[in-house]
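Some structures are shown below for you to check.
Two complexes follow with chain A in common, the first pairing it with chain B and the second with chain C.
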Partner chain A sequence: MSVLAPCPCSGILDAARPRTERSLVGRLDPRTRVVLAVLFALTVVTVASLSALVLALAAAVTLAVLARLAPRQTLRRMLALEGFMLVVLALLPFTVPGRILAEPLGFAVSAEGLRQAAVIGLRANAVAVALMALVGSLEVVALGRALSRLGAPERLVHLFLFTIRYLEVLEREYRRLRLAMRARAFRPTCGPHCWRSIGYLFGMLMVRSLERAERIDAAMRCRGFTGRFPLLDDDEPQRPGALDWGFGAVSCLALALVAGLGA
Partner chain B sequence: MPVEGARLVARKPSERRLAPAIEDKNIMAHIPDGVLSNPVLLAGTVVSVAGVAFGLRGLDPVRIPKVAVLSAVLFVASLVHFPAGLSSVHLLLNGLAGIVLGWAVFPAMLVALLLQAVLFGFGGLVVLGVNTMDMAVPALLAGGLFRLLWRDGCSQGRAAVLGAVAGGGAVLATAVMVALVLALSGREFETAARLVVVTHLPVMVVEAAFTAAAVSLLARVKPELLARQP
Partner chain C sequence: MIRLEEVRFAYDFARPVLDGVGFALSAGDRVALTGPNGAGKTTLLHLMVGLVTPQAGRVIAFGRERRVEKDFVEVRTRAGLLFQDADDQLFCPTVAEDVAFGPLNQGKTKAEARAIVHQTLAELGLEGLEHRVTHKLSGGQRRLVSLAAVLAMRPEALLLDEPTNALDDATRARLLDILAGLPQAMVIVSHDRAVLDRLATRTVRLENGRLA
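Then we have the complex of A and B:
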C-alpha cells in the first residue's frame, strides 16, 4: 500500500500493474493486437462476398469471446450503429436498381439493394466488434505505447496520452461546474438560453483547463521535461513471444480464408 | 436530464478504462467501415495524413499539454447532448476547435476519432482518414476565417457573431463533406447524402448559439487564446 490514498481515477496511467486473470487476447502483446486489428479491417473492407463477410463476423465474435468482452454490452454496441447509417441501410433497398422483390406501398425493393445493405451492415459490425475485442480491451496507455513502438509520430502519441489523461480530469471539472449551475436552478431546456449557458460553461471549462495546462507545463519544465517521456517501467520492449506468433499465424490464416472466399 | 453527458470514469475502479455512460447515444457524422468506395477512402487518408503531418510539425512539444487539454474539453463537450426540439443533438464542435487549435486540429481530431472508434465503436478504422478530413478541414477553414476577421480588442458582440458564423458554418461544411463523400461512393447513396445535410441543420443552429457564447466568453476572459494558436 502506498502512503497516498488510492484514487480510483489515477489508475488510468497505471498500466504496468499486471491483471490477476487475463484472457487469451489479454495476454497478447499490444502491438500484435493493433496490427491484427488493422489487417482485419483492411481485409474486411476489400471483401464483398456475403459468405466471406459472415465468416469475418464469426471471426470477430470469436475474438470477442476470447477477449471476454461483456456479451450484452457488445451486442448493444453492435446494434447501435449510428443513427444516420441505419437510415442509409434502410434506404438502400429502395435506391439501388435491380431485380424487384416486392413493392410495399408502391416503392420497389430490389434484391441488389438488400444485398448491399447486408454487406455494409456485416462489414461495419465485423470491424467494430474486432476493434473492440482487440484494441478496445486494451488499456489506453498501453495502446499509446504500442502505437509509439509501431512507428507512430512521437508527438502524436504524446498528444494521445495527454488527452486521455485530461479526459478524466476535465470530466470531473465539468461535473463540478454543472453542479454549480444546478445549484442556481439551471435546467436544460430547448432554447437559446440553455445553449448559451452551456456555451459559457464550456468556455469557462476551456479557460480553467488552459490555466491548469499552464501550471502543468511549468511543473513539467521544473522536472526537466524536454518533449520526451522516459518510460521507467518497460523501456526494453519485450520481443513477441510464441503466443503472439501463433495467434498471428492463425489469424492470418483466417484472414486469408476470408479473402479467398471473397475473391 | 438531457445535459448529463460524459461519464468517462470506469464504474469499477479495477476496470481502468474509459467507459461511456451513453453508449446508446450516437455521435453524428462518423461513417463506419464498409460504406465508402476505395478511391474515396484513399483520398481521405491522403488528405488526413498530410494535414496531421503538417499539424504535428508546427506543434512545439511544450505546447502539447495545452493542445491536449483543449482537445479533451472538446471531446467531453461533444459527448453532451442538447435538447433541440423533440429530440436531442450532439455537437460536433469543430468550429470552436478550429478557432482555438489552428492546424493542431488535425492531430487532435485524429486522436479524438481514434478514441471514439476504439472505446465506443463509433466510426471505423479504415475510414479514420475520411472522418478526420470531414471534421478537420471545415474546422481549419472556420478557424482561418475567424482569425482573419478578429482583431485584439474587438467588441464582444463581434466575437459572438464571428463565433456563430464559424461554429454553424463548420457544422454545415462537415455535413456537406459527409454528403459528398457518400455521394461520390455510389449513386445509391444520394438520397442518404441529402438526408445527412437536412439532419444536421438543427445541430447547426444549436452549435452556432453555443459557439457564439463560448467565443464571447473567451474574448472577455482570455482574449490571447483567440488571437494566436495556443
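Then we have the complex of A and C:
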C-alpha cells in the first residue's frame, strides 16, 4: 500500500457523507489542495539545503495539523514509508565516497553520504506528510473530479475512479475465496500444497477479475456506451473562494521562503 | 419486437449452447424463460442485444435485422438488459451518476438527465438514494438502483436476468410490485415460482439447446 491510499476501504468512496465539522484544509476547494500538493512536491524536490528541507517538513507538519489528521493512523502510514526508506538511508553513509567521519568495524562513514541520507529522508517525509494532509484526506470521488476540472486526461481520471470502485469488489472476491479455503481447513504452511493453493487463489482471482471486466463492459454497452464518457456534475463547479486564495497565497509565500533558503 | 430465427451459438463448437432456437417477443408479452443451470438462458438474452453474436441464424430487432455491433447500439437503448450481478452494472461513484449514464449516452443534456434521474428514482420509491455511493448500498438497493438505471433509458422492452435472485422477501415483493406495474414487454429469466405466477403471460423452457 502506498502512502496515497489513506482511507480504510469502507470509507473510500463516500463522497456524499456530510461532515459535521470540517478542518481548515477540509474547507478548501479540492483543486486548491491538488495544486498546492503539486507545488509543494516540486519545490521540495528542487531544493537541496538542509535548512530549507527542515522548514519544508515543518510546513508539512503544520498542514497535517490544520487538516486534523489522526496522529496514530498517520504515524502508522508513515511507518510503511520509513520501513522502505530505512534500508536506503542506512546504506548511503557507507556507499557514498567523501570525507571519512568514522570507521565503525572497518566500514567508512562519509560526511557526504550522511548528508545525502538526511536530505532524502527529510524530502521524502516532507512530501509524504504534505500529500497526506492535502490529498490523502480528500474523498476519492472529489479528488477525481478535481483532477478532471484541472484538465487531467479524462481517461486517466476514469481509470482512477474505476480502480477505486472495483478494488473493493475484488477484495470482497478475494476474501470470499480465502474464506472458502479456510472453511475447508486450509492453513498457510510451508510446502508445495500451500504454494499451489495460493497460486490457484491468485489465478482464480485474476480470471474472475477479467470476467468481471468483461461483464462491466457489456453492461456499459447495454446502456449505450460507445467509448465517450458523459459527465454529470452534481453542481456547477464552484469558483475558488476567498479562503482558497488566502490559503494559496500564504502557502506560496512559505514555499518561496523554502525555495529562497535552498537556493 | 425482437425475433430470433434458427439461432445457433456455441462457446465450444462440439457442444452448442443454443442449437437452432427460434423466439419472438411481442409488445405486451411477459415471457418467463426457464431451464436448468447452464442451459444458455443468459446467453439468449445477450444474443438479443448483441453482446454475443450467433454463429448461425438471424436476430431481428425493432423491424430490422441486426448483424454487427453498430446495429445493436440502438437495440440496447430500446431493450434494457438487467444483469444478474448488480455490481457489474453500477460502476459510477454515485447513484445519480449511474442512473444518468444511459440517458447521457442517448444524447440527453445534463438538465434533462437530471430530471430523468429524479423521476425514475421517484417512480421506484428510491428518492433517498440519489446521492448515495453505489458500492455502499445493500444488495436489495443495488438491484433496485440497477433497475432504475435501465428504466432511465425509457426502453420498450426489458430483459431481466434472474431479477429476484438473492433478494430478501420484502425487497423481492417490492421488486415484483414494481415489475408488475411496468408497461414494457419483458423476458424474465427466473427459477422463482412467484415471479412466474405473478408476472409471466407465458413460459418457455430452454433445454438441450432448444426452446420448448
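The rule we apply is simple: the second predicted complex is superposed on the first by the 227 of 263 C-alpha atoms of A that agree within 3 Å, B and C clash if a C-alpha of one lies under 4 Å from a C-alpha of the other, contacts with A are read in each partner's own complex, and residues count from 1 in each chain.
One rule holds in what follows: a residue touches a chain if its C-beta (ideal position, glycine included) is under 8 Å from a C-beta of that chain, and two chains touch if they have at least 3 such contacts.
Remember, predicted model here, so these are calculated numbers, not experimental data.
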Considering only the touch criterion stated at the top, classify A:R212 as touching first (chain B), second (chain C), both, or neither.
-> both
Considering only the touch criterion stated at the top, classify A:F162 as touching first (chain B), second (chain C), both, or neither.
-> both
Could you look at A:V87 and tell me whether it touches chain B, chain C, both or neither (first, second, both, neither)?
-> first
Please name the chain, chain B or chain C, that touches the greater number of residues in chain A.
-> B
Check the residue A:R76 against both partner chains and state whether it touches chain B (first), chain C (second), both, or neither.
-> first
Touching A:R115 in the superposition: chain B (first), chain C (second), both, neither?
-> neither
Pick one for A:G224: touches chain B only (first), chain C only (second), both, or neither.
-> second
Once the two structures are fitted together, what part of chain A is touched by chain B and by chain C alike?
-> 14-15, 162, 165-166, 168-169, 212, 216, 220-221, 225-226
Can you check the complex and tell me which residues of chain B touch chain A?
-> 1-4, 6-10, 13, 16-18, 23-24, 26-28, 30-35, 38, 41, 52-53, 56, 59, 61-62, 64-73, 75-77, 80, 82-85, 100, 107-108, 110-112, 114-115, 117-122, 124-126, 182, 187-192, 195-196, 199, 206, 209-218, 221-222, 225, 230
So in the complex, which bits of chain C are touching chain A?
-> 46, 49, 51, 73, 76-77, 80-81, 83, 85, 87-89, 91-94, 96-97, 100-102, 104-106, 110, 113-114, 131-136, 149-150, 153
Chain B partner, complex, touching residues on chain A are 8-9, 11-12, 14-15, 37-38, 41-42, 44-46, 73, 76-78, 80-85, 87-88, 91-92, 94-96, 113, 116, 119-124, 127-128, 131-132, 135-136, 138-140, 143, 153, 155-156, 158-160, 162-172, 174, 178, 188-190, 192, 194-200, 202-207, 209-210, 212-214, 216-217, 220-221, 225-228
Mind pulling up the chain A residues that touch chain C in the complex?
-> 13-16, 141, 144, 161-162, 165-166, 168-169, 212, 215-216, 218-226, 230, 232-234
